[in-house]
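Here the structure comes first, spelled out in structure tokens, and everything after it is commentary.
Chain naming follows the written order as A, B, C, D and E, and within any one chain the residues start at number 1.
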């Protein structure tokens, strides 16, 4: 060991937290004298209702929240920086780990963004397969959102019922991509493989069985007064707030705003499918819950159409200079072997420029902004994580609610810290 | 020193024997297997399997395989107990040590004490199957139950931590509030029975049919038919209040794990936690027993002969006595499973909704119910 | 001074530009930002024009009957395009010339050439060391077809042929560009390579009874655009895309060839020349480029030792100073392989310890007339500039030796040298009251030394050196020093502090800054200003031609 | 078309909790009954029952190395997988085949090939880039070890897991 | 009742009673009071006054003291600091207490009935709950109802007052 090494000084995090809390308390202590002492409650980063590592610093008067400060970043892995250090295709597995409840949809959103940069449009079959991926992911994510929401309000069994359904979706994922959870299914310009024949009967079976299961969950919750009391008129997000805080996805639509990128800016040929966008009226937890349930029904509708009308043809774009050739030719032909090597080591030859592509993901608009200086590696990649944006509304809506409402609101916002912190 | 001779040694010996029998041979096994049932039933409700493997580790003794009983997993309570005993007994540095240690005891003791006045059988060995057959049995139950809150409050307070503290406060207000509707909803029953003694309550139901199922004595009079309404209401309110008193979902706010992590026992581990755990389930058993005694005829089963004090020493009487005890606990277990079943079906109340329900609805309903009962009793002789 | 070269107007892809007369079309295009693929063309070699990769469409001004160029609407000459593609490497620019580097015909030509070149190429990318820096790969992706039409059998040629002790040939991969042949003939002046056989069977081979053993043979590997010639030393060691390339200079002789150190995760895999036309051109002797193995040698000095026992740096520094101070009159022997910064610090240390007798150890060899000069120390000029040695390096060593033998010199500080190699005997060393030595590898001096301070090798440190032609060049750090070994300047600064001198040196930049203040030769400079290619510090000394 | 979701207004009966609670209990009881009667089968008794039969051919389990029909190791240590691996789980030390080896034409083979399974994310990129069809993600998902060192699969282990796989590779075909 | 139990519970009750005053931690004081109540109710039970005994626990230990504890905890009262007593006050206080004890002993020694044990009560025909009930609802019906109304008014008053305070 070199002697010049300084001893590493441990930051006194406990003391820092303490000072921070004191400042926090001091900032709002004006009117609090009459009402007595306020309780600062540190909810998370390790708490069952924070769905990961969200930390909420709650200032409470009894059980009533007077101030809430979300603190994110405990799951920060520097994905955006990582992306700058690898080729476009290499980053696909990282997108699995953003919203890890809907990896298929993340894969698609990312691939679409890069394809937009490349100016590619997928052939019909590829697009339809991606629609199937997106909608499966939507159902899967909403199921978990629903189950976790129910669990937060105490109904543990619903969680398990939705998980049972999710397992079936995982089986489908497995057939689609070869992995259940971290699918890494898309590649820039296509997919790793075409849909297997085994997929279709399984998918049909799932779609048949899914609606009755969903009805069951519906029956357990939707008209149960305990649940309704817990969610109705709780965590109301007004239209104005929803827009000004940049909410997207079911949380935005729950507030009664008809905004769905699949309708407003159709991609992947979503305009060809017959489906409706459910929106809420009051913007409370109950509306967000109902919207998710309805969206799942709509997704089933889309899935049925997509699977039924799945066109034939290639699934990848045709650009041999930028798309690695099929393995069979790599093994036998020189040019293909060279292209394979170069495309994997140097990445595709993207033009310089900037693109943003936002996809309607289960949690909201997952956007990838790519600034390219040309070549196979993004110069800068920014992820617009819907969970992160959706969480920003917490300080606005939490005050005035009770401790128990916090978990209900968190559950109804359905966020994923992997995406928020990215 | 003649007062030593005054001590009723026989009574004490019998009471001790009955207590030991009740606690160690019946209640604690039921408690541990209720925990198992909780896990197993919840699993089955949720399309899972639950603990179905823990057999007895005969492989430790050199056998090739562990002994799996027919259901599998029956060794789970034993494994749980061993785990609780062997886990590190951790006391956080910031707690108030004495009360931190006292709290689990205070949670466990009242729950078990309640059982003292519950007649869990008829006669055996020439003894009435109740530890203390006091006149004010039902009041005693309420009194002891109201002491039970101390354990939780102290746990919440002495942990010197915010989540347990909130849990403790919730528990206090919840239990005090629901004691009212609990007590009031029992009043109509007591009015009908006309006695506070729980043995007499059972005797009344043997004579007139179970309160909730008045036809069990073979006949149904108009009075019974009319009384069915207040008794039914009583039963519902009493059961709901019992859920609240025992902190079971949908009233498990003091320990709701998604909000308060684990409420008052967040900071507890190992055996101290186990005591809370056991106390909670023992309270469930006590509560179910009270319901059984008050509404479901206690140890009585229609069409089953009833043994007497005299016959209880004969083999036939003994057998009958055992059957009575079994009937009692069968009813209790059925109620416990109902408790479990409800827990895995419903969401949880919010705190203000819970208080509102208790004070605005259950309390009033119980109160009005008393008048209805009184009216019926006065009108129909 | 050269005479004024007239500028000529050339139209490249529609844009009129001016280039000095005599520029090759291929270079003109490169300067215009239009890269033209090439295999056989190398600016430092003669032009055979045999790879046909640099085909372009070319035109000359249309002429009126009176030999005047026809002017277009913009006042520029109109160009009459030649219908046949031309090779751009063998063509000098001419006034009014037009070049199309990316017209359909050019693209088509390149595709065709690429396809031809790849017809017989084996499927070797996975094992070929060139993959990653292979022109075939690059140009195939950039200019060639994406798919192969070839179904027939490929021509088999010899593989894994040892052309010489350091170069291995894979004839199947060769595109017959003849760069290696020309290099050996024109630069290395050792004409051993040539083509044998005909047509598709044509291969590179050594002349009978000869092998490719010139000290410059590995340069053929560098200039080989494909993976045909590979370095036997680097063969199959590491893929080039993993290598971190650090720009540095060679320290094996006074020239200080510019090099790239290829390392991965703290291990050096190869050294390749870096183009610097003021120093070494594009070449470097094999002996120099392969001389890096000692850095990762098993017997590297890993820890400071005091009296043969491993000691903590703090202890070793304190012990070194104490023993030197208690040894009476002292002397300093430095190595001219140290950087300027280290020599400067040693000088300061000498004055702090009251040393007046000091010198560097000279190292002289036979110059080879190409790149290796007689002086085999990389920083003799630096040592002279800093004043630790005189016009004749090593002149005072004798004085030191005598002092030791007479007993007037009781302590010796030896930095980076083995005293036994410069006339000292083992008895001399034993006689010393105190001997403090720094080194990279163990040697007789470190064995006899009281305190041994392990230093950093050239690839492990930053610093500057002045080459025999007075050019200041920079060393950069490619890997971390082994085990507890430290950058020399660090322990020299520590010794300085222990000797009682105050200083505020916390980084190599500080040392250079301090040196720039104290030594007028370096005034106004810092490490950053030196740049990758170095700068002329002293008036240019006529040196070796490249 | 957007449509507003219907917010059910609770009837009186629903407001007094009990009917919906009973309905809920009925649903949960249905599940209980079906479980007891063995009609639902959701979970598996893991070590005895396995999902393996359902795994598709291309299931992405543990990465392994395969040998070809002649027992030659496919891998030529081109290190593309090492390069592409997003979590940098693969470490290859390239080596040279002895010239008297049966497969000397290929010249190159890995001296050491290590996959750190505690880093591997099973993304399958290694299989995708391998130009020799040497690395395959097999159906091996239960990768365990008692310490970090155990979790590093060395070459022998990788070949043992991978087994033999016929393929298309022309590399060691002396005619190609 | 067994004299042993009597003396045991009496001693415990007194000990806890003293600890209520001596404890500086309010929570400990409150809990001592609860324990004291429990011992007291044990004494009642020993006298076969089950109803009173149980009500003692139910009302005082189970409800009143829980609320006390609740408030103590909510206000987060700290342990009181040891006070420096004024010596004069201390002496005066001791003198007054001593005087009271002496007076009490004097009276007890003079009062003739104090020396004799009480005659045993006859065995009641009805259990004590009934007797209390009958007594309350017959002989003392009016006062009982009046007290009931009074308490109701007080309760309503408290609620009204506390509500206004909040607004």
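Operating definition for what follows: a contact is a pair of C-beta atoms (placed from the backbone, for glycine too) under 8 Å apart; a residue touches a chain by one contact, two chains touch by 3 or more.
These numbers were taken from a predicted model, which means no experiment stands behind them.
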{"item": "Both-way neighbours, i.e. chains that touch subunit B and touch subunit A", "value": "D"}
{"item": "Per Cα centroids, the chain farthest from subunit B", "value": "C"}
{"item": "Label of the chain whose CA centroid is most distant from the centroid of subunit E", "value": "C"}
{"item": "Chain pair, most C-beta pairs within the contact cut-off", "value": "A-D"}
{"item": "Chain nearest the overall Cα centroid", "value": "A"}
{"item": "Inter-chain centre distance, subunit A versus subunit E - centres from mean C-alpha coordinates, in Å", "value": "63"}
{"item": "Mean-CA-position distance for subunit E and subunit D (Å)", "value": "72"}
{"item": "Distance from the mean Cα position of subunit E to that of subunit C, given in whole angstrom", "value": "99"}
{"item": "Distance from subunit E to subunit B - Cα centre to Cα centre, in angstrom", "value": "30"}
{"item": "Touching two or more other chains - residue numbers and ranges from subunit D", "value": "21, 24, 27-28, 31, 42, 80, 83, 131-132, 170-171, 176"}
{"item": "Contacts with 2+ other chains: residues of subunit E", "value": "none"}
{"item": "Shared interface positions of subunit B, touching two or more other chains", "value": "45-48, 344-346"}
{"item": "Interchain contacts, given as pairs of chains that touch", "value": "A-B, A-C, A-D, B-D, B-E, C-D"}
{"item": "Residues of subunit D touching subunit B in the complex", "value": "18, 21, 24-25, 27-29, 31-32, 34-36, 40, 42-43, 45"}
{"item": "Subunit B - residues contacting subunit E, complex", "value": "3, 6-7, 99, 134-136, 139-140, 142-147, 149-150, 153-154, 156-157, 165, 168-169, 172-173, 175-176, 179, 196-197"}
{"item": "In the complex, subunit D residues that touch subunit A", "value": "1-8, 10, 14-17, 20-21, 23-24, 27-28, 31, 42, 54-56, 58-60, 80, 83-84, 86, 121-125, 128-129, 131-133, 137, 167-171, 176"}
{"item": "Residues on subunit A engaged by subunit B in the complex (per definition of touch)", "value": "39, 41-42, 47-49, 63, 150-157, 160-161, 164, 220-221, 224, 226-227, 229-230, 402-407"}
{"item": "Touching residues on subunit C, where the partner in the complex is subunit A", "value": "115, 118-119, 121, 123, 125-126, 131-132, 136-138, 140-141, 144-148, 150, 241, 312-314, 317, 484, 486, 490, 494"}
